[in-house]
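The letters A, B and C name the chains in turn, as written, and every chain counts its residues from 1.
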Amino acid sequence: MGEAATNHSIGLPELETGTGANSSGEQYRVKLEIFEGPLDLLLYLIKKEEVSIYDIPIARITEQYLEYLSVMKELDIGVAGEFLLMAATLIQIKSRMLLPRDPLAPKDEADDPRNELVYQLLEHQKFKGAANVLHQRATIEGAAYHRGAIESDGNNPEIAATIFQLFEVFRQVLDRQRAITEIEIARDEMTMSEKIAEIKLLVARSGQVRAADLFSAARSRREIVLIFLGLLELVKELAVRLVQEQTFGDILIRSREENQIDAVV
Amino acid sequence: MTTSELKPIIEALIFVSEEPLSVKQIAILLEDEAVENIEAAADELIEDIDARESGLSMRRIAGGYRLTTRPELSEYVRRLLKSQPSARLSLAALETLAVIAYKQPITIPEILEIRGKVSTSAVKTLLDRRLIVSKGHKQVVGRPMLYGTSKEFLIHFGLNDLSELPNLEDFEDLVSS
Amino acid sequence: MTTSELKPIIEALIFVSEEPLSVKQIAILLEDEAVENIEAAADELIEDIDARESGLSMRRIAGGYRLTTRPELSEYVRRLLKSQPSARLSLAALETLAVIAYKQPITIPEILEIRGKVSTSAVKTLLDRRLIVSKGHKQVVGRPMLYGTSKEFLIHFGLNDLSELPNLEDFEDLVSS
């Protein structure tokens, strides 16, 4: 889920009951995306059902959780991997709770299959609280202004740097250099890493490239093999995504934009 | 120097400095005036300025002193500067920042573990805004990068140091109640 | 507004303004508060600040009001400004530094080749700031000077050693995990 979608809300979202409410799909989309992650959704359900976090009725909560996921799917909201993972976890806990306990084993609360989840939820809630306080502080702080420039400031029009900026700048320099030398490289026999760089550049420039186009532009068998291996490498590195919009359709190579990463893992 | 000699000097220095100015920096500028004297004068100055009912206030931020306008006058100042309140951090970024602030230094996989969610774009935003900085590599397999909060973080949230972060345990009651 | 309501607002506005602020500008910001009222409040504020024996003074400059430090404190202010040589680098210097850091030891012609721009003045700045040092001559025609980063560089960027420079894998870690 992209950050942009959650910009407007701090705290628990106001969400009507799952399916069948008469809001439009668009409204649902906005509201559902407020669930930052599976833990948020779970906390919301726990609050809505007015149950204790220390004694979660797993069957009921799991059922509701799955219902929300199916609403998200119905509305064609990409359900991120972590939501599915949590669904699996809930189902697993549910089935472990159904197992008859060994009557001879000492009754031990530490055995409760829900423990880890409860711990995670509590931790999550704590950091949400802290995030809230930070938000308030930043609001107050943002209302206090520093003095305007005075004459002595004028001799300092430059930018301050951190090590990360230094690195970013280095990457930019390299990218620039790569763009200039790319034409020369194209004429020579390419190496695998050059081919990868070329594919990356192509995808970065146009956002998406048809795999078929890449292959048909190859001038030798060796180059076709390089493209193929290069693509595999890029997919492995999670630098690009391969998308096929319809069965037997074109395979598209797409860049992984920042805000897509979360949704696709 | 006496406190009443020190106060105007400290006020002038803090006014001119672009960054919060620490007691130690002031001491060096004043040719090794005792740190305790400076601290006493600075604290008195904070009270003086408060009592003046002036448009300014002096505060301890990021280990130093800083002059700012009073928050309650922000409406007028904003009109003059035509400034938008600075871009807000998203909830994802704030929560990630909270995790980093309390658990620093911390790696991305460790953040994921706590948040139960992938936060790389949030981490990138925080780096871009310089609220967090890298703190070297963790000496484990893969040598992942460690992150911690920056001085900018303290300034942005008006904290003098990390000990001023609210106590995490205070937020536990929110759920149980 | 009353004079005592106006004074803190005027003080805050003058404090944040980069230019001397005229009575007329202030009047506009205060939704057409009468110019006479503002002038009266501003004049009173000048007297107040003088009477405070604070480190600041408010003056009429170029048809507007401005806050400055008191002239008699200029010696201390000068020391501060001198003691705060900018910890800042221009983008050209930063780029050159990045290339040197990652490709050291490196000659000026090699830097040009990578950056695609002449960087001699940037190299000079970096040498002046002792972020880079010469590392002898390269044994090729013309024996050009080789440059590398200094201990100062490590301190400035908070690194233990050069192996702590972020590398490409770290970055990919960030965007792809």
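Remarks
One rule holds in what follows: a residue touches a chain if its C-beta (ideal position, glycine included) is under 8 Å from a C-beta of that chain, and two chains touch if they have at least 3 such contacts.
A quick note: this is a predicted structure, and the numbers were derived from the prediction, not measured.
Among the other chains, the CA centroid farthest from that of chain B is the one of A. The most central chain, judged by C-alpha centres against the centre of all protein C-alpha atoms, is B. Chain centres here are Cα means. That of chain B falls 18 Å from that of chain C. The mean-CA centres of chain A and chain B are about 29 angstrom from one another, to the nearest whole unit.
Once the centre of each chain is set as its mean CA position, chain A and chain C turn out to be 36 Å apart. In chain B, the residues touching two or more other chains are 15-16, 18, 67, 69-70, 77, 81, 118, 120, 124, 127, 133-134.
Contact with two or more other chains is made by residues 145-147, 150, 152, 156, 162-164, 258, 261 of chain A.
Of all residues in chain C, only 4, 7-13, 15-17, 21, 25, 29-30, 48, 52-56, 67, 69-70, 73, 76-77, 79-81, 83-84, 158-160, 164, 166, 170, 173-177 touch chain B in the complex they form. On the side of chain A, the complex with chain C involves touching residues 145-150, 152, 155-156, 158-167, 169-174, 176-177, 180, 237-239, 256, 258, 261. Residues of chain B that touch chain A in their complex: 15-16, 18, 57, 59, 66-72, 74, 77, 81, 85-86, 88-95, 97-99, 101-102, 114-118, 120-122, 124-125, 127, 130, 133-134, 150, 155-159, 165-166, 168-172, 174-176.
Residue ranges on chain A touching chain B, taken from their complex, read 1-4, 6-7, 9-10, 36-39, 43, 52-54, 80, 82, 86, 120-131, 133-135, 137-147, 150, 152-153, 156, 162-164, 258-259, 261-262, 265.
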